[in-house]
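Pasting the structures here.
Two complexes are shown next, each including chain A; its partner changes from chain B in the first to chain C in the second.
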Partner chain A sequence: MQDYIMEIKNLKKYFKLKENIFSKAKYVRAVDDVTFSVPRGSTYAVVGESGSGKTTLGRTILRLIDASAGEIIMDNKNVLDLSKKEFMEYRRKMQMVFQDPYNSLHPKKLVKTIIGEGMKIHFKGIKETEIRKRIAEVLNEVGLREEHMFRYPHEFSGGQRQRIAFARAIILNPNFIVLDEPTSALDVSVQAMVLKMLKDIKKREDLSYLFITHDLSVVDYLADHVAVMYLGEIVEKGPKSKVFNNPAHPYTELLLNSNPIPDPFTDRERIEVKGEVPNPINPPSGCRFHTRCRYAENICSEKKPEEEIVSEEHTNRCHFSLV
Partner chain B sequence: MAEIDTIPKTKKELWLKRMKPYFEDLNHTIDLWKRNLLAVIGTVIIALFILTAIFAPLLTPYSPIEQNMSVKLQAPSWEHPFGTDQFGRDIYTRVLYGSRVAVQIILIITFVSGFIGISVGIIAGYYGGIVDDILMRITDMFLAFPRLILAMAFAAMLGPSLVNVIIAISCVMWTIYARLARAEAIKVKKQPYIESIKSIGGSDLRIIFLHILPMSISPVLVQITLRMGTIIITAASLGFLGLGAQPPSPEWGVMVSDGRTFLIDQWWISTFPGIAIAVVVLGFNLLGDGIRDMLDPRLRR
Partner chain C sequence: MEARANLLDVSNLNVVFYTYRGVIKALNGVELWMNKGERLGVVGETGCGKSVTSKSVMRLIEEPGEILSGDIIFDGRNLMDLSEAEMRKIRGNEMSIIFQEPVSALNPVMNVGFQIAEVIAKKKNTRIKKQYPAAAEMLEFVGLDSERVMKMYPHELSGGMAQRVMIAMGLAPQPKLLIADEPTSSLDVTIQSQILSLLDDLVSELGNAVMLISHDMGVVAEFCDKVLVMYAGNSVEYASVKNLFRNPIHPYTKGLLKAVPRIGRIDELKAIKGTVPDLVDPPLGCRFHKRCPNVIDICKVELPPFEEIEPDHYVACYNYSSDKGGDQ
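After this line comes the complex of A and B, so read on.
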C-alpha cells in the first residue's frame, strides 16, 4: 500500500449566505465533496481557474477555516476532530505559504521576529540565541543571508519576501506545506528561482507539498500528481504524466489547450471557451461543467457523473470520458 | 540600500537599527509640523498649559482656597492681575491652579475611556459575530444620547464630586474610541499576515496583543488627542451646573458659575476662567487638527 502523508475524504466547505425572512438560507459550495490523497514526499498540485475553490480547499485543510463536513487523515487520525490543543502539534507539521508576498509579512516587524515567531509559539521558553541560530539556518536554506534578519519586509523584493515566507514555514520542521499560488505574484524570472528553491528544499527536507495554482507550466515543472478543480469539485485527478498526456475530462483538455506554448510556430487546434464560470451559489445541475462543455448532451444536465477510474490512480468525472 | 548591512553586535546597535524607521518618520513629522502654523500655536498653548499645571505654586504668592474678605471683589490690578472674587481669593491664582484640576481630569478620563474603548473595540472587531453584535449594540445605546446629557445623567446619579465627573465622562467618551478601534481591528484582521500567524499556531491573545493592537492603535490615539478639548468642555459644563467639582475647588467651570451673580458689576470673576477654558480647548483642537493633518497619508511623502 502506498504511504500517504495526508488523505482527504469527502471534504466540504459551504459558506452560508446572509439569510432573510423571505428566503431559505443559501450556501456557496466552495469545496464540495473533495477526496484525494497526497503520497508522502510528493508534490500534489491542485489546478483550476479563479473561483474554483482551490484556496478555500487549502485553508480548510489547515483548519484556518472550519470544514463543513469530511475527514482529513494524517498519522491515522482525523485532524478535523482534534481539539485546538491537540491540533497544535499538527499546526507545526502543516504550514502554509500565501499567495501575496506583500501582505503576508507583518509590515512593522523585523524579519527575525516574523520568522522566529513560530519558534516562540511552539517551543515555550526557548533562548533567543537558539532562535537566532535556527533563523540563520533557514535563511541560508532559502537563499538569503543571515544579516537579512535585521531588516524589515519592505526592504525586500517580491521574490525575497516569498523566500522569507517560506523560511517562516520551514523553521518548524513541518512535513507538509500548502503553497497557495506562491509564485503568481512574481515575475517570470523570479518565479523560476523560487520554484527551483522549492524543489531543492523539498528534496533536502523530505517535505510534501500541496501546490495550489492556475499555472500549468508550474505544475508541469514541480508536480507529481494533479487534481483539476471546477466549481468546488475535483473533476479529474491522477499522476501528472497521465493527466497531462491523456486528459480524460473536457475541462482538463480545455485548460491544457489554453496554456500557451512558448513557440510561435506550433500549430494546434484551439478550443473555444464558452461563457463564464457559473455562479457557485447556483451551480448548474448534473455535471457542473455542462454549460461550457463542447461535448455536452442532455444527460449532462440531468445526471451527475460518478467518479470513474480511467487507469491506475487516474480518475475522472464525466459521462463522455475522452480516454 | 546603499549602506552595507552588518549584523548588529550590541544591544544598542540593534535598537538603533530597529528605531531607524521611526526616527525617519519622526523627522518627517516634525517638518510637517513646522509648516503648519496653527498646529504650532496649538502645541505652544498646550505646552504652556501643562507647564502652568506643573509650576502653579511658583507662579503666584497666593493660595487658591484661602479666603481674605478684606480684598473681596477687587477689580484687576497689579496686585491681583485678574481681580479677586467674593471671598477675596485671587482669580489669577485660581485659574493657574485650575489647570491642575483640568490636567488631572483629562489624563484620567483619557486613560480610562481610551482603555475601555480600545478593549471593547478590538475584541468586537476581532471576534466578530455575536460578540461584535452585543458589544456594538451596547455602544449604540450610549451613542444614542447626546453626550453632555448622558454625562449629566450619570453625574447626577452618582452625586456631585470630581471623581464622579471623571467616571461619568469616561462612560460617555469610550464609545467613539470603541467604534474606531473596531473598524481598525476589522481592517487589520483581514490582512494575510494575521492569517499567517494563525497558520503557524498563534493564539488569539497573541494575535490581538502583538499584531492587531499595534497596527490599529494610531488612529485611535489621534482621535483621543482630538477629544481632549471636548473632555475639558464637558467637565467644565458639569462643574458649572453644580454636578462636578465642588467649591472651593478651583475648577474652571465652578469658577465661571461662582461669578455668575456678579457678572454685571464684577465681570472678571467669570470671564478669566472662561477665557482659560476657551484658550485651552482651542489649543487642543488646533493640536488635534494638526496631528490629524500630519498623519494624513495623502500629505505624507
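After this line comes the complex of A and C, so read on.
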C-alpha cells in the first residue's frame, strides 16, 4: 500500500460574506470538497489561476485558517480535531514558505531571530549557543553563510530572502512543507537556483512538499503529482506525467495550451480561450467550468460531473473526458 | 550618422536616478532600433532597465530621474531636441504605451467611454463628446460589449477587461509605435493567452510597430520578430527571434535561456551564478563580467561595444566565441 504523509478528505473552507436582514448569508466556497493524498517523499503540486482557492487550501491544511469541514489525516490522526496543545507537535512537522519574500520576513528582526524563533517556542529552555549552531547549519544548507545571521532582511536580494524563509521552514526538521508560489516573485535566473535548492534539500532531508503555483513549467520541473483546481474544486488529479501528457479535463488542456513556449520554432495550435474566471460567489451550476469550456453541452450546466478514474491514480471530473 | 532603422533609433542612451543612496546608473548607453511595423521584444530581469528604456523613448522620465545623454530618433526627428509641448503632441498620438497594471493606469473617476473618447478627441482635435461613437467602436474592436462597458468605471473591470480597454486606448489614435510594458504579467495564463492573441490580431490588421517589454521568454518567442536582451542597463544582444533562440551568442543570453523552465525539458534547467549588480556602484567594464563564465581581463576594465558580428545580429561581448556560455 502507498504510504501517504498526508491525506486530505472532503476538505471545505467557506468564507461567509456580509449578511443583512434582507438576504440570506452568502458564502464563497473557496475550497469545496477537496480530496487528495500526498505520498511520502513526493512533491504534490496544486495548480490553478487566481481565485481557484489554491492558497486557501494551503493555509487551511496548516490550520492557519480554520476549515469548515473535512479531515486532514497525518500519522493516522485527524489534525483538525487536535487541541491547540496537541497540535503543537504538528506545527513543528508542517511548515510553510510564502510567495513574497519581501513581506514574509520581519523587517526589524535579525535573520537569526527570524530563523531561530521556532526553536525557542518548540524547545523551551534551549541554550542560545545550540540555537546558533542549528541556525548556522540551516543557513549553510540553503546556500547562505553563517555570518548572514547577523543581518537584516533588507540587506538581501529576493532570492536570498526566499532562502532565509526556507531556512526558517526547515530548522525544526519538518517532514511536510507547503510552498505557496515560492518563486513567483523572483527573476528566472534566480528562480532556477531556488528551484534547484528546493529539489536538493527535499532529497537530502526526506521532505514532502505541497507546491502551490500557477506556473505549469515549474510544476513540470519540481512535482511528482498534480491537482488542477478551478473555482474551489479539484477538476483533475494524478501523477504529473499522466496529467501533462494525457490531460483528461478540458481545463487542464486549456492551461497547458495557454502556457507560452519559449521557442519560436514550435508553432502551437492555440486553443481559443472563452471568457474569464466567473465570480466565486456565484459559481456556475453543474460543472463550474462549463461557461468557458469548448466541449460544453447542456448536461454540463445541469449536472455536476462525478469524479471518475481515468487510469491508476489519475482522476477526472468531466462529462466529456478527453481521455 | 545614418539611422539603423526607419521608425526608431535610440543610441547611447544614458539615464540616471538621483536617490539618497547615490546615483543609480539605470541606463548605460542603451542601443535600440525598430523598423515600421516591426515587433521588438525587450527582455531582461528586474532592474535591467527595460521599463526605463520604454519610458525614456516617450520622454516620460521624471524627477528624480534624468536622461543624461543620447539620441532618440523617432520617425525622422530627434525627440531629445523637442520641447515638452511638442512631446505632448507625439505621446498618445504617434506613440502610445500600455502598462502592466491596467486598472491602476486608468483614471478611477472617469468612465471608460470618456477616457477612450478623450484620446481620440485629442488626436482629431475635436470635442470629447463627439467621439463617443468612435470610442464605442474601439471597444467592439477589442472584443468588449461597448454598450455595457462604455459606462463602466475602472474598478468594475476585471484585469483582462481593463487590459482590453488599455489596448483600445493605446490603439485608438493609430500610433506608429505601441509600447506594451509587461502587458500580461499581472494576468492569469488563460487571460494572457486571450490578450496576446487579441493584440496579435489587432496589430496585424493595423500594421503598427510594437515594442513589447517582458521578462517572459515564452511571450516574446511567440509574439515578436526581433529581440533585444538587456542586462543591468546595457543592450547586450539583438537579433531576430529565431536567431536569438537558436543561436544565442552573449553569455548572459545563453544563461537566461537555460534558466527558463519549459514543459517537457526539465533536466536542462541551469541557473546563472551570482546576482545582478547594484547600479549605484556598477562594476567597471562589462556589467556582466562578475557572473560571466567567459570573462577575460579586458572585460573587467572596458565596456564592450555593441557590434554586428553577423548580419543583423548584434552582441556586446569581448569573448563570445569562447564556448563555455552559461554552463555552470
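The rule is short, and it goes like this: the second predicted complex is superposed on the first by the 323 of 323 C-alpha atoms of A that agree within 3 Å, B and C clash if a C-alpha of one lies under 4 Å from a C-alpha of the other, contacts with A are read in each partner's own complex, and residues count from 1 in each chain.
Definition applied: a residue touches a chain if its C-beta (ideal position, glycine included) is under 8 Å from a C-beta of that chain, and two chains touch if they have at least 3 such contacts.
Small disclaimer: the values here were computed from a predicted structure and weren't measured.
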| item | value |
| --- | --- |
| Three-chain arrangement built on chain A, chain B and chain C clash or fit | fit |
| Chain B versus chain C as contact partner of A:33, first or second or both or neither | neither |
| First, second, both or neither for A:313, with chain B first and chain C second | neither |
| Which of chain B and chain C A:244 touches, first, second, both or neither | second |
| Partner chain in contact with A:71 - chain B first, chain C second, else both or neither | neither |
| Which superposed partner A:224 touches (first chain B, second chain C, both, neither) | neither |
| Touching partner for A:7 - first (chain B), second (chain C), both, neither | neither |
| Contacts of A:214 with chain B and chain C, given as first, second, both or neither | second |
| Angle at the Cα centre of chain A, taken between the Cα centres of chain B and chain C once the superposition is applied, in steps of 10 degrees | 80 |
| Distance in angstrom between the closest Cα atoms of chain C and chain B, superposition on A | 6 |
| Shared chain A contacts, counted only where both chain B and chain C touch the same residue | none |
| Partner chain B, residues of chain A touching it in the complex | 62, 64, 88, 91-92, 95-96, 98-100, 103-108, 110, 117-118, 121-122, 145-148, 150-152, 155, 165, 168-169, 172 |
| Chain C residues within the chain A interface of the complex | 45-46, 158, 160-161, 188-194, 196-197, 215-222, 241-242, 245-246, 255-264, 266, 269-272, 275-276 |
| Chain B to chain A touching residues, read off their complex | 1, 5-8, 14, 17-18, 21, 191-193, 195-203, 206, 211, 214-215 |
| Chain A residues within the chain C interface of the complex | 49-50, 157-160, 187-193, 195-196, 214-218, 220-221, 244, 254-265, 270, 272-273, 276-277, 292 |
